[in-house]
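We just call them A, B, C, D, E and F in the order they show up, numbering each chain from 1.
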């Protein structure tokens, strides 16, 4: 199956099980730090996988043992001229930045992304992981939110997303204002990650186990669950209940619901069609 | 006191202390699974208790040791025809579903509900418990959000409420997308429950202790506290502060405030009139 | 440096390191309980420090070992006549209360406040600490939300802020409805505090360490980080991303960003001008 | 058909055409001023009509030529004791007031209400008419928003609804702050009414014409149109578009849509089943 | 009475009737164009009048016949250096601009402002008039929104306020994008002004008539009416109804309500105490 | 200039003046009714024009005298199978519908669209015109909102947009619930259109005049004005003022602002670079 799939320059994409893709940031000699061309390829990969009926979950990790990613490659960024002060172009720079963000938000719509943070997982790593649905880390992970150290310029969304991902605003302000390194135990306690595993291999296995579980669910139900949870995160309770009611009045008509109900009654495992 | 109270078919309602009612889901032979007539009676009970001046707190548990509730009785639901696809009736089904939800939301207004989760506490159990104010569980509880497994059709509100009850969005997505079982330790860590007790009896005792504490408070103050906390959950900080100010400008005039202040000064326990 | 600074009647203000002020509530013989004149002086101090270019962080604690603050001095409040029921004046009382609140909110704008809770930290202590950015406590702290016990009248904002500071709504309702005492371990678990230290001295040292770290950051970046985190807390994800984009399109032009980037490239520590 | 319908003490209810009810406030000797028992009967009538499958539109007018309604009967209100200052009961009064309001809002859900304002249409008349969907007036109408003259106490919602019904905030503030009388020409210009007719009889005929037109439409489509317009009034554009999409994904499945499409193709008038 | 009042350099302040102040922009030789010192004095005046118990309404006009104001004095602004591009100071400029805006918003809180637009009423004139409660113009007025012609830099709020003051978004975009001049007839049709008068003198008389009418009302009721209308403009219907209920539960207790009710019953004019 | 531009099958695109495109719906023999392929081409055209630096305004009209557009070609839609009830595909249909809507919204971002409604302008014509910035109509126009007649299925956004474009909710409900035809005089009175012209030719000339005026403005300023007006339409006043402040702190740095200011001082017409 993987043979017919495209290959990429800066990322390693494999298909360890049906409906599951594993994307590895593949620049281990530079601790998987990002430069602009990588970022564009990253978007292309997620675009492609998001619209593939053969993919329901994506596991995201870094290649090699040392890092998920050291973050933005600052030298490269300096050369890209993101900071160049061309008169009248400021707005356009901001526009481009926003366009990138909007894209990142959208890779969540149809698939479930499980992010495995390991080794150095700095700056952009946190931005990317807050876009994922589920976060897992290794016990030796070294994480940090680095935006404050470069004056916000490279922000891809951590400051917007972290307060919605983690309940403790005291902790969020602490790590965002200080840019200090935090580890697995702390990340688990505040709920930034859901699982801590002793090694990268174990963490990938854990992610794969979850992904397999999700692959058995009705894709319509998974998509609806994500849509309704995201709606709930951003809206008042009464509005979410109202939206849920309208959503379900359509969803209730899908064949998947009947299949799931019947399977439950007959104590067998249902199989769902591709979306 | 309980003698003059009505009795119910599917629920056991007792009054273990002044101002406190204990409602037990009473279908232990079927792990307290719900069918439609039970659900209607459940609403009636909460309606009745909510408007009783003799009730300030409700403890909610399942009868028997084995389960709070196994959730929706799928066989019964299939027969009820919730899933029947009668043309043109879709909207009405959704309307009914929403009406039920709205009701559930409203049983919170005047009383405090403490939910004791024990044994199997699946599907609808989580829906119900997210409507409660305070959640306690036993150390052997087995909980799961099951909506994804039946394609959302039976949703009474977990997907809308859970992201507002628990801070870790990573954990919320994990349990809602996977429908996996989770236990007491995990529920405490993410803040879904406030206390874990070694047995159902101990958990009921804990709930009773809290309920007794609340029964001593001014009912006006308890109601205001809940109103303002719920407002804060759904609104921006500045709006909540503004609403609090307007709310308090009326509340400050109640006799309860003066009584509470005087009691504080005189180091004695105040007694508050019924609402 | 401190010599030229003003002194205060009810507070001790010192400057333990560059850009850092330490404010101690200084009425230890009364467990640092507040009365109205203290409150007004408290506002004056924060006003003064907020606009000082020499202050980037404030550490806030109680004087003495026994208490951060026992809260509102109820006897004094009763004499102040907050509760006096003069006809037609109700609204004005509420207005005054709201004006105070609004002020408290604003001391966050330009500086970072680290609150060290120790000993008795009751009622108003919690109100004040929820306005701070980062909370630290000692292992022997005794905290309680006391509003419900005086019928909400003295509320300075805990009910509005606590649900936004802590993820577990079950816990928030528990402590706000019961007014029970909770300790360090519980506060850490739910994320109300970020660190627990064995003694007041260690907690102050921890706060000082954080404050020193923050003092090295670009003030523009710190301010932006706080603005964007606060915006994220109160708004939807899409709105926060949009706001971040517009904010950064201006911020990207500050000299601090270039300095920070260059320092990163040159592996040296940047120095930032006063705001 | 009307023979089997209930009769009322303070209102005249007739059925001038299929699916259309005409409700007249029937206390012409007092200019149709409201007292509490009337208000309760008014609610009962709208409750009954709202859930009748035989009613799709309601025309609302006053009996007699002189007035739609002179508003609240202040003498009666004074005797009802709405203003009595019983200690500790303030909140309950407000609760009752809010309950009434909520009810008024809900009579809009399933039917279309066309309000015919004629003669004196003061105070409560404006409150009621802002709850209606469509407003028509006679050329000699005398309207006024009177809340400011009794210190807001009797407010049933004009101040909340008028800014959403009329575009000119300058005009809204003018009439609400001054309580001055305004007439038909002004009401048409600012869009408070949609039609001005020379006499009450002509205005009722106009209302009847609209109601007949609406009676021919699919009830599902009428209900959806109202739901989506009301949603749009209260929400951002992007949210309304999103809600519309979800709403339509359910509505598209009703038989009415197919019938309407086919009728359009076959150039004939469709007939729709009762809701 | 006016004798003891302060006098101002750039504004003429008179007191034509009890509780009414008339503020005239007094630089007629320059068509009342604003420069920075004028703006600061303008703020001082509104601060002073807003907190005076002797002022309930303010009429605002330009001195002389030719202009309300030609807007910002661009030459002066250029010298002020608003546009100077000092590195790192951008944010501060924006902050100052925002502080000014916030102030403008607040002069509405306790008094009613009636703006009389006459002659040239350009740019800043529209900004100021959108902050007023009621707008009146002369038939020869020449109005224009000029922000687009100077690239938004001088915006004090027209773009934020105009869509909330006027219903026709087509017209709002037309005048804001084109910066074209529009006149009295058009302003009345779209609801930007409530009255058109043939001359400045007549317009002032009209404003005075409205102000006198408002001066007879209960100040508590006027303030509440404005608060609730402003809340309705910015919030959903259900939220406004809820807020109104809470607001009224406090307001219902003021002496003014009883006085107003009694006056109504006794057919006499009530007199209300100063706020 | 037009020679190098692409030509289209169902639309006529001309360039009557610098920076101005004129798009005509070109199926006059069918009253410019839309079918799916036309709709897709329509999107392509707006995509292309939106990103062209040579286009600042688009005038949109129908070809021929008889109609802007008769709306959706129902026969074609029936054949397209939009209404086909394939099991499990409902959601996807809704998704597609929403994708189309989102696109329509976005053609507004960088250019100004002026819509000239003439002759029959039914159904989809209103949907499209509510997406435009400015609406002009001929005196003989026949407009109608037709969604209610086909049970909402073809809705592209009128129900979401019309309440935000027009102030009178009474009128909006009237025309949306009745689907009745309305004309130019009524459209002008409620503010749906800004100008009524006696003939299609005159209306196009009017549109061209506006477009030329806009073409002289700074593109940065036009874009900002639209962004801020759209933000104001969807947000609260305080939020819009805050957003405006942040927006301007970036925009103030563009060369256009300095150019515009200098031109104003020097009484000459500025020329602005392409975006």
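Rule of thumb we're sticking to: contacts are C-beta pairs under 8 Å (C-beta built on N, C-alpha and C of every residue); 3 or more make two chains touch, one makes a residue touch a chain.
In this text, all values refer to a predicted model and were calculated from it rather than measured experimentally.
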Going by residue numbers, if over half of the contact pairs line up, that's a repeat, so tell me which of B-C, C-F or B-E repeats A-B.
B-C
More contacting C-beta pairs: A-D or D-F? The answer is D-F
Please work out the Cα centroid separation of chain D and chain E, and write it as a whole number of Å.
33
Taking each chain's centre as the mean position of its Cα atoms, how many Å separate chain C from chain E?
36
Can you list every residue of chain C that touches 2 or more other chains, as numbers and ranges?
90-91, 94, 164, 166-168, 189-191, 220, 233, 238, 246-247, 249-251, 253-254, 256
Can you list the residues on chain B that touch chain A in the complex?
74-75, 77-78, 83, 85, 90-91, 93-95, 97-98, 101-102, 105, 147-153, 155, 157, 159-164, 166-174, 176-180, 189-191, 230, 233-235
Which stretch or stretches of chain B touch chain E in the complex?
243, 246-247, 249-250, 253
Which residues of chain E touch chain D once you look at their complex with the stated criterion?
112, 133-135, 164-168, 188-194, 210, 213-214, 217-218, 220-222, 224-226, 228-229, 231-233, 236-238, 240-242, 244-254, 256-258, 260-261, 264-265
